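Next, two complexes with chain A in common: one pairs it with chain B, the other with chain C.
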Partner chain A sequence: MTKTLTTLAAAAALTALGASGAAAQDATKACYIYVGPIGDFGWSYQHHQGLLEVEEAMGDDVETAYLESVPEGADAERAIERFARSGCDIVFTTSFGFMDATNKVAGKFPDVKFEHATGYKREHPNVATYNSRFYEGRYVQGVIAAKLSEAGVAGYIASFPIPEVVRGINSFMLGAQSVNPDFKVKVVWANTWFDPGKEADAAKALVDQGVDIITQHTDSTAPMQVAAERGIKAFGQASDMIEFGPDTQLTSIVDDWGPYYIERVKAVHEGTWEQHDVWAGMAEGHVVMAPYTNMPDDVKQMAEEVEAKIKSGEFHPFTGPVNKQDGSAWLAEGDTASDEELLGMNFYVEGVDDKLPN
Partner chain B sequence: MGMLEAILLTVATAATPLLLAAIGELVSERSGVLNLGVEGMMIMGAVTGFGVALTTGSPWLGVFAAIAVGALFSLLFAFLTLTLVTNQVATGLALTLLGLGLSGMLGEGFVGRPGVKLTAIDIPVLSDLPLVGKLVFGQDPLFYVSIALTAAVAYFLFYTRAGLTLRSVGDNHGSAHALGIRVILIRYLAVMFGGACAGLAGAYLSLVYTPQWVENMTAGRGWIALALVVFASWRPWRVFAGAYLFGAVTIGQLHAQALGFGIPSQLLSSLPYLATIVVLVLISRNRRLTMVNTPASLGRPFVPDR
Partner chain C sequence: MRIELVKRPQHSALFSAVSPFIALGLTVIAGAIMFSLLGKNPVDALYYYFIDPLRETWSLHELAVKAAPLILIGVGLSVCYLSNNWNIGAEGQFIIGAVAGSILPIVFPDFQFWFVLPLMLVMGIAGGAAYGAIPALLKVRFNTNEILSSLMLVYVAQLFLDWLVRGPWRNPEGYNFPETRNFHDYAVLPEIWSASGRAHWGFVFALVVAVAVWFVMARTLKGFEVKVIGQSPRAGRFAGFSHGRMVFFAFMLAGGLAGLAGISEVSGAIGQLRPSISPGYGFTAIIVAFLGRLNPLGIVAAGLVLALSYLGGEAAQISIGVSDKVARAFQGMLLFFVLASDTLIHYRIRITSGRARAAGGRAQAAPAGEVPHGHA
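Up next, the complex of A and B:
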């Protein structure tokens, strides 16, 4: 219904555009497609916070619209095309699964700018891609987990076996191994980005199997709540989830899209927008760690040091020697992984106790 | 707490919302009304239950409010389909869309706020019994409600006169009408019972399962409840079996993953659906019995003076 309402609003805006073209030219119209509801308090919520920051920063210079809970599939193409037709100057498609749909629609609307989050295809000059190096935060989480876990096992609730998620698991694992080479990670695939009930069930299953720290790559706050209930520790996802586990959350990787969105919408407004592929991390402020809580001072200090090293570029989470899961060599001593390798990552590093679904 | 007990407890939590919603829909369908709005009524129950519990501090008030809102929401459906004789399928779908959107709007202020949890009961000594203690004597109150409801509905439908009347309305509304049975009234009541149960199932999600409010938090459970009713061939205890089977396979596959069996997770994730369908189709394979159980007037509009 919200979706329908927004659609109606978009249609109304289209009519208004036809009626008074002059007025509409002043404001740049930025449109957003979300994969989940803006009330998920996770991934889509954070993108929407970015939209709100754009509104605040640009005032009358910008007009916004969004469609939420757009499924990754045939519907996505329709939704994106609807936006392109309704006078949007720039369309942000904020999920990996929108990649092909975005490029397809972009080919039909050369005057509209498209920005696709977390993807790698730029088939037309009006498509840009952007992503954040969340794996930097996951490395820090791994370090903390290995320092704190008494069981020596962490639970990892994963969504889909795409490079983004696999990279996160690997980075977490490398971080943990830097402290405890024998550290184990139990991975459970929820096969969904967002289903609080199922995420909670996955968390319960992991706790019942003896993990004492949980981290997640799904979007709801349910795993944090389960961890709090069972008295173990957990890492938040996408937003600061401390409210859901005041005595539970160790830290959270917070996605801060606001500054990027403001920069890009302004570029469209000023006519300086250009295609690019941005992959920014802690250094640029796209990946922010929520305060380190519920841990002893020495662990906190260690986490802060690792964070600072990654931020300054002194240390790359994927630094050799690293072997692949099957024991074959991947990165030699001192080598770091290239962005291409990271973006297409479809294998586990040595020590991950799971078979990668393909 | 042993592993098996822990698993069984989680299974009960996963099955209860499905059972609650499905048992209500079963009564509605037995009276001949197909309400595809279960998901919508459920999510309205979830947001109401959460909101009322959060503002008043009492989870029980939340539960009752969710039941009331579920029933009221279904009243809208009943008025449209029974009084104005709109198409049941289309109206039910509209109810789901409306519920999903409206709940998102109503719940905007609740996002990101930890909720109030309906706590499990705890009977000294009994709850501490090995294996069955927590399972039988230490669950959340709504778990017991769901079992009691199943028993009550099974008894009502097949052992009471009123239940027979309700089934007759669902089987042949023309004959029932000719016998002087108030078809429309009975259907109104059955639909509202279904709505109340869906509302309760929603409250279970936002007050017990995951005590929080997030949009779309039902995540398709209303549709699974609907399917369970059909595959259970409209029999209450089969619905119960289906809900628990679905819950058990869902939880079982998560454990299988955590244990690292090396079975593709996509296959494991689809197992609950496959297993539930296969088992319920097998137990319903007697065609003659299935025909007897299917409400013959299901989904057909009824206009008294025709």
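Up next, the complex of A and C:
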């Protein structure tokens, strides 16, 4: 087995070096399923940027296809199966709601590789899962917010009360508390991933309640635009939204899927793909902070220091002492939260001024 | 020169038959122009739209999966609309049917016997019918506008489902993600012919229901009653038909069928409840009902055509790389031409010469007889 792999890898290397004529392998077909439109400038947009990076990096060795705005539910299974049947070698399903459909189709097509973003089920050897530690970026944002906010209150536009989002709110809160222990966060649940109208309404409501910094866990640029109109500051989401708020964006957590996608598609191309579960963050370059803008140099410097500490592994955003919202102890001094706890997080930390909708 | 639409004294049998083909022809032409403007080969595009999804068995199964809820709901809605009950809330009845039908596998997961599935179907129908009875009751008792009440109950149903899957019905082993546990084997609606694809018995239900409702509407007194009350409530009263009972009948029938569609979809195609279980079937089915001219057999055809346009849109996206938006615009064109061509059934086109144009002002004002309905 190892021998075959080495041979394959060598062949691939030769091809890459430009050993003309001897096309050792056909192009690998990489296919992507997005839950939103590629023009959302958020979640699906960033996955699509990853696809484009794969195309650029692999040239003729790769062929791509994608389906956008695929609803979660019965339609997802058809979309995934269509890809599996149409000659895709690897299919990336990029929303949590595609989890069961991905596993179901994977069972029927053992020769096709499947990669599911943000899920936890790997029922077949040809299913891998991947996610990013966005909460690392949220912590940095919390630090910046507490440094800059005069009101001492930030507004948080949240999508759905799932662990991913709750974890982000908590991380933001802990970052802010590290600067100002009395910092407050007002949370608004938009109950959508992408709805510019609703998100804008939420942003306006928050500004009217006196917040002077807005952060969001929804995918459109609407909150950034509202913040720009009202002359307050905001953090971007998923992509660098600086175009939508040149004087407004402080930074943004950029989901950089490109390196991961290139690595995985190459692995398929070279025959070295193996099942795994990856939860990578700043250290691996999956979570990238957009340039720190519209802030004084000392705040920028502090943000960069915190980012560097998280990146090097010196600091974990969830480090004790941390209490739960009701005041009960959660993490003791110096302890860090386990991935298990983070993945199933359904409680707030102390200081969040909101009741988790349940 | 001007073009006028003139109402026919009787609807044209010829155009009833050919209007779908005219529509198809116009769609193909307009589609070809659109694809050419986008720099895509129009022949390829049309091939992927209309032919590719019909080429493979698995894809035919998918067509059945997609068409089943549209047909079931559309057939129920046709009875509503024929009896002049404007039920816009099938989406909500679909959801409540799915929720009611899911009580057994979710709340009592250890209750695993062969009769669980039949019970689920019955509960799904009952749930949808009960939810449909709410706007009916409001209409009969308080004379509430059923368009508004049924539509707003959709949002109530959506939020209720959302609350259930995030709260009390959330899968205890699911990392707090908003979805219920997966249905056990006894609660899954089987596939018709699982060796070749995943079409489930919901499609068979849809066909049986369509034929049954067609029979009732065309051959029985009840069908006559529906049409009389729909066309002339006063005549219906003279005939001794109860208006109130008809409202309940239509809403509960449509609700029950939407509920059946809901539980079939959840148990046959999804396998659990999630925050969103329908990509708007209840609303698309309104189009299907009218596309099928409120005739249950026509609705079967319309449901299949609409399902095909979804699958074709996907195939075109993948194969020739047109965007999702183009696929939807094309779907819109198809519907537009179908409905526009239907105009020819009731109207004929008259092209008048230049001299008539001078008298145009008067022709427009002409009150009786052949009333012109359009101008160039």
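Everything that follows uses one rule, which is that the second predicted complex is superposed on the first by the 333 of 358 C-alpha atoms of A that agree within 3 Å, B and C clash if a C-alpha of one lies under 4 Å from a C-alpha of the other, contacts with A are read in each partner's own complex, and residues count from 1 in each chain.
The rule is short, and it goes like this: a residue touches a chain if its C-beta (ideal position, glycine included) is under 8 Å from a C-beta of that chain, and two chains touch if they have at least 3 such contacts.
What you see is a predicted model; the values in this text were computed from it and never measured.
Peer 1: Using the superposition on chain A described above, determine whether A:L206 touches chain B (first), chain C (second), both, or neither.
Peer 2: first
Peer 1: A:K355 in the overlay: touching chain B, chain C, both, or neither? Say first, second, both or neither.
Peer 2: In the superposition, A:K355 contacts chain B only.
Peer 1: Pick one for A:A267: touches chain B only (first), chain C only (second), both, or neither.
Peer 2: After superposing on A, A:A267 lies clear of both chain B and chain C.
Peer 1: With the two structures laid over each other on chain A, which partner does A:G36 touch: chain B (first), chain C (second), both, or neither?
Peer 2: Touch status of A:G36: first partner only.
Peer 1: In the overlay, work out which of chain B or chain C sits against more residues of chain A.
Peer 2: Looking at chain A, the partner in contact with more of its residues is B.
Peer 1: In the overlay, answer first, second, both or neither for which of chain B and chain C A:E81 touches.
Peer 2: Only chain C is touched by A:E81; chain B is not.
Peer 1: Which partner does A:D195 reach: the first (chain B), the second (chain C), both, or neither?
Peer 2: Only chain B; A:D195 stays clear of chain C.
Peer 1: Is A:S69 contacted by the first partner chain B, the second partner chain C, both or neither?
Peer 2: A:S69 contacts both chain B and chain C.
Peer 1: Using the superposition described at the top, list the residues of chain A that contact chain B and also contact chain C.
Peer 2: In chain A, positions 37-38, 68-69, 161, 191, 357-358 sit in both the chain B and chain C interfaces.
Peer 1: Which residues, counting only chain C, touch chain A once they are in their complex?
Peer 2: 56, 58-59, 62, 65-66, 162, 166-167, 175-178, 182, 198, 265, 269-272, 274-279, 310-311, 314-315, 317-319, 321, 323-325
Peer 1: Give the list of chain A residues in touch with chain C in this complex.
Peer 2: That would be residues 31, 37-38, 65-69, 71-75, 77-79, 81-83, 85-86, 96-97, 100, 120, 160-163, 191, 343-346, 357-358 of chain A.
Peer 1: Please output the residues of chain B touching chain A within their complex, sorted ascending.
Peer 2: The contact residues of chain B facing chain A are 3, 6-7, 10, 13-14, 17, 97-98, 100-102, 104-105, 107-108, 111-114, 205, 209-217, 219-221, 250-251, 254-255, 257-260, 262, 264-266, 268-269.
Peer 1: Could you pull out which chain A residues touch chain B in their complex?
Peer 2: 1-5, 36-41, 45, 68-69, 155, 161, 186-192, 194-202, 204-206, 208-209, 220-222, 225, 239, 243-244, 353-355, 357-358
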